[in-house]
């Protein structure tokens, strides 16, 4: 099997608190994995370990067989990991087009000038923001900012795309658009890890699910099977006698 | 990279005409007018070089006096052995080296650490230079005897000004400039799109420091006798911050708008009310924070936007009617 | 031995200044670069009280410190609070507060130069020898150190043993969470800022008894205090005290063993070392 991303025994401690505890899993090319779990279970921390925002206390993470854990975020980005943020982060002083170009210049892809503009134009169209390239981004609606952030992440032509609650906060009709957008990406063969609370999205999109609770991986497998697992139900709803 | 736009050509030609015009000042004015012109030219280069780094990063550098003083000392020490133009380059290199050391130590950290460090940097270098001169050389000062007069200094400064504007413009169109804009907007995003933020900041600080060092070198002949307290004058650092921010750092020529009035004001103040200068500097800082947070050019841009919006509203109202 | 004791005696006053600054930065989130001017102003006021009204400088603290408390409260509420309100990010507030307090620094300095002139001041108070371990030290230094320790203990008891002190420490850790447990954050911030100013003024009053001062020396003290605060870890009172004593020792050692002109350079060497090795401060916990 050819694993795109391997997480082996990843651990992150904050002082005495163990936020991520010995988590291991592998992802194959073209898989879309849902990373789920109750609030505070360590999902975003794990994503931060993969993207290099945080350094793991111990454990290894490798991309296409090469060790990336412990490297600074910009080096990891250059090797092909792109991400979006839980609290959407657009660059307010730049136009929409420049926001997308930002993802294509310094990272996994190195384009500049006309080539970058063309790439940005095509990605804006893909996420549904065609003709919005010159818009100032500070005044965009929430879903448009999320679309823009996705376009910026895609501009790096990532080997693995990390989506941190990308669907959170969208209304039902926006959610439909968002889900179909991610489905398109998967159908193109992109490898994706999505941290998500929207269960409908997980059910309809993911091949596989990794469930975390209190920093530990408690389940890993096919979505419906995992969601029926008594331990997963307990993690979400608490013990029957609690 | 695309070619300069028509508007940029217009600005370049306009700038060149102004530069030539200023270069002719020595033939018409002398004494006070000439020395004021030299001051303005000096602060123009200093502020533009300062804004090159501090504008996009929002790190407030007070290292100007240290870089300037190093440049002055490089000339004082090397005048016997090397030709002046080489010394100017050496001065730039020395200031750049200092900038690299300071940058590597402090630019990974938050802005406050950087301000504090640069605040004392001139004092630190001054103490080390004074200590070294009193213990290892015969006198505390250095003589700088050259054939340069005010007009020569002015012409050299104008040449450097052209260079600093061109460099600023080239950086703003380069990948480095784009990276700085992203860093200024959101450093976390910058890291995650693959920018080595620490390296980019240090690089820009080094370029900016080199220019400031060269200004110090060019100004050295004006001192005739270089002493640590005059070469490492902390007030230069503060004045540069004020002038650059008063003008605004969102345009390459923005600092210039602050330089001209404030240089004249400070010149008058030191001549007639020397004891009141700290108060004026203090009030200028307060004015920047409370009245002109984006500088004069920022204010003009805001007004422009407001007018556009007003026109748009008026047009829409017209359509509706 | 004499270096160690002189260094410690000097460190006592430094500790108060640094603790004042760390309260202002750690709790009120304002990097107050005008803190040194606050100190110098206190020196002048103590001197004026002593020379015109013959008020003992140690008792003078009881006048100078509350006055500084009120002044700093006003500065925070009228000048700095608006900046806190308009700031969209912590970074924006940082830049604004640095520039604004630079403004205050120069305005205060200018006013003091106009009022007292640019000359050096000192006065005679308890300038008699006092023996420690068989060597003589000026009594005013020893008394100043004792008073600094007393103020520091009082502060410690206040911060760690009273309700209001706990509220201040809560705001230092997280203003958002403090709000949730019904702490009035703006008021607590103003109080901490004022308290920081009061402590610095107390340090100024003590310093004036043995130190020659002038209207433009504030910046140097702000710088020393900032170095101490960063070395000790921002918002960490114990760290600040330890770092202050360390700086006092280094300064005294360098000026008596190498050259008095190199004290700033020595402080910087220490500062650089801390930044490179432990940027989170001596006691600071790494949070990355």
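We call the chains A, B and C, going by the order they appear; numbering starts again at 1 in every chain.
Here, a residue touches a chain if its C-beta (ideal position, glycine included) is under 8 Å from a C-beta of that chain, and two chains touch if they have at least 3 such contacts.
This one's a predicted model, so the numbers in the text were calculated from it and none came from an experiment.
Engineer: Which chain would you call central, comparing Cα centres to the global Cα centre?
Structural biologist: Minimum centroid-to-centroid distance belongs to B.
Engineer: Could you compare the number of C-beta pairs in contact for A-B with that for B-C and name the larger?
Structural biologist: Comparing A-B with B-C, the pair joined by more C-beta contacts is B-C.
Engineer: Among the chains, which is located farthest from chain C on the basis of C-alpha centroids?
Structural biologist: A
Engineer: Can you work out the whole-Å distance between the CA centroids of chain A and chain C?
Structural biologist: 46
Engineer: Distance between chain A and chain B based on Cα centroids, please, to the nearest Å.
Structural biologist: 42
Engineer: Using mean CA coordinates as chain centres, what's the chain B-chain C distance in Å?
Structural biologist: 32
Engineer: Which positions in chain C are in touch with at least two other chains?
Structural biologist: In chain C, no residue touches two or more other chains.
Engineer: Looking at the complex, which residues from chain A come into contact with chain B?
Structural biologist: 51-53, 72-75, 77-78, 82-83, 85, 89, 91-94, 98, 101-103, 105-108, 112-114, 152, 156
Engineer: Quick check on the complex: what are the chain B residues that touch chain A?
Structural biologist: Result: residues 1-2, 175, 178-179, 181-182, 184-186, 188-197 of chain B touch chain A.
Engineer: What residues of chain C sit close enough to touch chain B in their complex?
Structural biologist: 25, 31, 33, 82-83, 91, 94-96, 98-100, 102-111, 113-114, 118, 216, 219-220, 223, 226-227, 230, 259, 261-265, 267-268, 271-272, 275-276, 279
Engineer: Quick one: in the complex, what on chain B touches chain C?
Structural biologist: Touching chain C: residues 58, 60, 105-106, 108-113, 115-117, 119-120, 123-124, 127-128, 130-131, 134-135, 234, 238, 241, 245, 275-286, 288-290, 293 of chain B.
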